[in-house]
Amino acid sequence: MNFAFSEDEQKFRTELRAFLASELPSWWRGMFVDDPRAMPFTRAFSRKLAERGWLTMAWPKEWGGAEASPWKQAILREEMWAHDEPRGPQYMNLNYIGPCILRFGSEAQKRRFLPPMAAGDVLWTQGFSEPGAGSDLAAVATRAEPSTDGFVVNGQKIWNSYADAPAEWCFLLARTSVAAKRHHGLSVLLVDMRTAGVDVRPIDSMAGPHELNEIFFEDVAVPRDCLLGEAGQGWEIVTAGLTFERVGIARYARAGRVIELLVEHAGATGLAGDSEVRSKLARLRVQYEAARLLNYRAISLQAAGRVPAVEASIARLHNTQLEQQVSDVGLEILGLAGQLTADDPAAPLTGLLHRQWVRTIPTTITAGTLEVQKNIIAERGLGLPRAR
Amino acid sequence: MNFAFSEDEQKFRTELRAFLASELPSWWRGMFVDDPRAMPFTRAFSRKLAERGWLTMAWPKEWGGAEASPWKQAILREEMWAHDEPRGPQYMNLNYIGPCILRFGSEAQKRRFLPPMAAGDVLWTQGFSEPGAGSDLAAVATRAEPSTDGFVVNGQKIWNSYADAPAEWCFLLARTSVAAKRHHGLSVLLVDMRTAGVDVRPIDSMAGPHELNEIFFEDVAVPRDCLLGEAGQGWEIVTAGLTFERVGIARYARAGRVIELLVEHAGATGLAGDSEVRSKLARLRVQYEAARLLNYRAISLQAAGRVPAVEASIARLHNTQLEQQVSDVGLEILGLAGQLTADDPAAPLTGLLHRQWVRTIPTTITAGTLEVQKNIIAERGLGLPRAR
Amino acid sequence: MDLNLSAEQTILVESARELLGRRSPLAAVRALEAAGRGFDRELWREVARLGWVGLTLPSEGGHFDLLDVALLADEMGRALFPSPFVPTVAMGAWLIDAFGDEEQRRRWLPRLATGELAVTVALAEPGARSLWDPPGLAIAGGRLSGRKLFVPFAAEADLVLVAVAGPAVVAVEREASGLVCTRHDALGGEPLYALAFESVSCEPVAAHPTALPRALDRGAVATLAYLAGACERVLEMSVAHARMREQFGRPIGSFQAIAHRCVDMRSDVDALRVLVHQAAWCLAAGEAADVAVASALAYGLEAVRRILRHAHQVHGAIGFSMEYDLQLFTRRMKAAELGWGPAALYHECVARAMGLG
Amino acid sequence: MDLNLSAEQTILVESARELLGRRSPLAAVRALEAAGRGFDRELWREVARLGWVGLTLPSEGGHFDLLDVALLADEMGRALFPSPFVPTVAMGAWLIDAFGDEEQRRRWLPRLATGELAVTVALAEPGARSLWDPPGLAIAGGRLSGRKLFVPFAAEADLVLVAVAGPAVVAVEREASGLVCTRHDALGGEPLYALAFESVSCEPVAAHPTALPRALDRGAVATLAYLAGACERVLEMSVAHARMREQFGRPIGSFQAIAHRCVDMRSDVDALRVLVHQAAWCLAAGEAADVAVASALAYGLEAVRRILRHAHQVHGAIGFSMEYDLQLFTRRMKAAELGWGPAALYHECVARAMGLG
């Protein structure tokens, strides 16, 4: 065991911080604010990362990566999350859509889809949830009926982040067989969002723009070569993808940064001497430490070539609850002025905590609710009978 | 609405406190300690209460009560619980076994069973749980087979508090019909524990003596006139009884007393200035206030002639969790010395918190687990579908 | 001791629920917010005609007390009724009635009771962490200068009661010259304003040192009652969703993880409500109320936070879409939690009252 | 960064689990407690022969560090192995090795490593709320007088390392005249003693001001590792019970309320363990360890409390019957929580280290 980063890794972090300091404009507050500059910025920023080889650094060299160690990748992730994720939606490409294509895709699919991701040139959205299939993803009803040259898709997806960004491609979970029950009949299609019959409707959300959309598919033709893996393999692909994703989000790094800013705020306002504030911030720091190390544990397993399915879910439990705690306690520490949004000049920390708080409402819901995470741990991690 | 006790009620409380101050010996620490003086004391004390008309004061005058208001009864309960329940197991007689006999019993049963209770002359135990029927009480398998002059009982009960006190009677839930499914075939029998074939075996428990016993019934003859209500009415009787019981326990009063003693301890040891201790004790006080008022809400409904089924369960949730919090936080405040039991001369507050803590392990388990309480509230209070 | 509603209280509550359900549906609440307005003055006059505004003013025929104010506020919270009920009725009417001089009472109370005169209160100043921070504004030559923040409904109020150093309370006409009112950009749905006073004419209303803290107690209790009502509605929405929404072939409310969240909400709302009733009763009865008020606040502010987390967890993604109503509650409730927090203040009050040094 | 066990560590852990499972079943733990004894000296010598006691002593052939001590302690906690491992190996061996003079090291370490010399530490004094309260006992003319409380295994130890004013550490032979050892009546299963010193001969071991706090850090980390192992076993027992016990016609582990309690336990144990490993690694590597140690303690002490409540709730009534094994864990874990608490101490350490004044 070793709880230190290597010199090389520390140097990489320093470089990244310098890069972020020079690249992030002062107005940058992340993707989920109403600022027309955000989306173009995030695309340009991703291209710059790609130029430095930092966008898909963990991927194989063959596909535009640098085969960087999981730890360098973790450092990259931490720095990005600590700075409001300037890669925007592209973190999904690197973390799980790309890796799923790497693992399950044909040679032709890899050649077609991976280079644009590695170049920071493409936005993807995921099409999993439906009005009738949220936690119960196996109930997906969107139909992909085999046609002569591929599939015809009909159905509706919902809660699709960034579909309106606009996303150019969709990682779609659809039913290719109605005969096979539940998850057995599902497949993943890679759908060009510019195909006729695809209609994206944004859903206005508390958590900010881009968070929620609906996607309607009406007789959307998807060529056969856009089926990922085999027909019926959708559940396996999505499960693997969600595991990648759980490790792929460094919420703790964001929380850690917010804690630092709260400590500064407490120092500046005299609250550092308030015992309740001290104790609450210390408690957050301890939770942060636990969340960070549990992520590191999952990454250590990855680094050793193992799949940290349960460990990733446990890390996610800690990370999501940490984020909620940080935002609740942070607002409490700001007090009255915590209500002010970034647009109010009197907002402390430029409205950071308010922004953070609205973002933590979906935190324990999207990409698998807290309850679903716990069911996974109970069944796969503890061998308990399926919760009914 | 009125949140004050009347002058008359306050006077009653003052009288009770004076009585307790003169009657409780300095060694009294409640029933759940290894002290041979405890059981005889509690019997003598109950008789003295009975002489003053304070034992079954809420019962009808006809049956040895004083038809006291529910509020006087609440005051009595509070003072008893705050002083380690010197009535011992007899609180069960007044709170629910007696009332069940009053409500479901024949005239002859009332004449036979109520006067000894009112005189403080009899101990009862309850025979509900079985090895295979805990939270799932409807699974009771103890058989009461009809015989020519009554029933013959065979089976095993478990976790029976005070059966070894020794209890003279058992309020037994048994299956009189195997044809009727689940709770439909259950009946309540009033069983003389001195009948041949009844065997009580104490189970050694962390929570102290008398807490756990097993009762084995082997061809135990129970006369027909010891069936309470009708055959098959057992579930209805037990459900009513558990509702009586939930209101009948003033855990908050005990917790309130412990909080007072902790405040005194903090004052005496200089901990009163420790901000963490202040905040934790204040938090307990607030929880105490909530638990107390929720009990009062249930009693207000009773006083208005209504059955506070869901309200009693909610009060119980608060009371049991309050007790656990008080013991956890109390031990934490005592620190190192919190480990010491009453038998160690250095034990702070004569080992009170240690005693309190071991008692709170069963608190959220016996008489319906926390989970069962929540299921009741979900189904009956909120109209949610049966939790499966 | 009796925690049941009286027959008269039951009628008050039931008629309020009926009226608010009919006249102030959530669509109307949304429309006011979209229009950038705080409340509907016409509807305010209407409820004033029913006696809701002069409720506690014997001079205006009111014969109710703070407990009844709390019962009404609870119903208003259920409906998220946008109105200056807390500053005007729970705080302003009481300050004027209890401390104003004869002339002030004659000048303001009749118009207040008919809904003509909407009153707000200006408490916090820049840098304040809570509403209880002692006010620092000073009066010089009968004139007021300085800033107040987080003043509810200020743009639509007629009279502003301003907490000043002392502590004391002075009144300023909303239209007085030198008073500038700027809207905050805040998360709650009801408008809050920053007020800048530049040598604004004011008149003293209350100089007794208990006037301001007691007015704050009353405002806190009425707000908590409003929150209890809002929580109740959020619970109803959650239960309805849990019964209707199916996953894995059955209603999600049949899963214990969801059902028990609803139960925890039920348990918290009930506790909050009895604590609020006790605090209101103690204040109304002139009993020692410090522990009761602080307990209700300490419990309530934390309960609101738990309840919102539960409600969103039960609802899933639909809960944070703007077209669904939960967000209206979430934002107002969170704003009230921050507005009256932090809970630690009240734990400290309770600690002092318990005899902890 | 690498949180995986090394191959050598894996062997250490696996062989410890095998040996403890075979040689120290819970029945043996019960028997020692029933006999009023702290540990089995024969078995202690046996594990010493395997190198567990001299683990960190290069002079005795040990080449492991505190992280390995933590890994072993974790296995011991799983088995509730009754032994003076924490005071002797995590604290005593280190104090003597790092601060003792050449002669002391020669005199004690070889016998310590073979299990001949069991060492305990005497820290708390009457009135102390925690083990970290600064010691007040003073040495006069090379002799020690006063009282120490909560000393583990004192009656069966050979050497007592006593914290004295300074802070410093002195050694006292257990059999020294003037030393009286009285057993506490305490809730945990392992014996604790009050020691009364009356002009007892002692010799200085460590006078460096960091010796005692660092020894406490080491003891804390080893104890937390032991607790992590105990929690792991309690979780296993809970899961086994939840799978086996049926109510309403199905295993109770299929109810989310029960399943999610088990998950919360899993999540707490895992967090505790990574925090403990980090703290042990920082101490062993000579890195700044204050935040790491305080975080592990702050988290661990509260986690133990949560885990015990969950475990009992999953088990129901059988969980508090003495014939079932859970109570063995409950009592030892609760005693350790109280022995090393309160968590607030460590939150304050973290606050200071975060730069909060």
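Before moving on, here are some points about what is shown:
Letters A, B, C and D name the chains as they come in the text, with residue numbers starting at 1 for each one.
Definition applied: a contact is a pair of C-beta atoms (placed from the backbone, for glycine too) under 8 Å apart; a residue touches a chain by one contact, two chains touch by 3 or more.
None of these values were measured; they are calculated from a predicted model.
When chain centres are set by their Cα atoms, the one at the greatest distance from subunit B is A.
Of the two chain pairs examined here, A-D and B-D, it is A-D that is joined by more C-beta pairs in contact.
Between subunit C and subunit D the centroid-to-centroid distance comes to 52 Å (mean Cα coordinates, whole Å). In terms of their C-alpha centroids, the spacing between subunit B and subunit D amounts to 39 Å. In subunit C, the residues touching two or more other chains are 255-257, 260, 344, 347. Within subunit A, contacts with two or more other chains are made by residues 276, 279, 371, 374, 387-388.
Taken together, the subunit D residues at the contact with subunit A in this complex read 1-6, 9, 67, 239, 242-243, 250-251, 253-256, 259-260, 262-264, 266-267, 270-271, 274-275, 277-278, 281-282, 285, 287, 291-292, 294-295, 298-299, 344, 347-351, 354-357. Across the complex, subunit A meets subunit B through its residues 275-276, 279, 388. Listing the residues of subunit A that touch subunit D in their complex gives 1-6, 9, 71, 74, 259, 263, 266-267, 272-273, 277-279, 281-283, 285-287, 289-290, 293-294, 296-297, 299-301, 303-304, 311, 314, 317-318, 371, 374-375, 377-378, 381-388.
Note for the complex: subunit D touches subunit B at residues 124, 126-131, 149-150, 184-188, 192, 194, 246-249, 252, 255, 257-258, 305, 309, 312-313, 316-317, 319-323, 327, 330-331, 334-335, 338-339, 341-344, 347.
Residues 255-257, 260 of subunit C are the ones that touch subunit D when the two sit in their complex.
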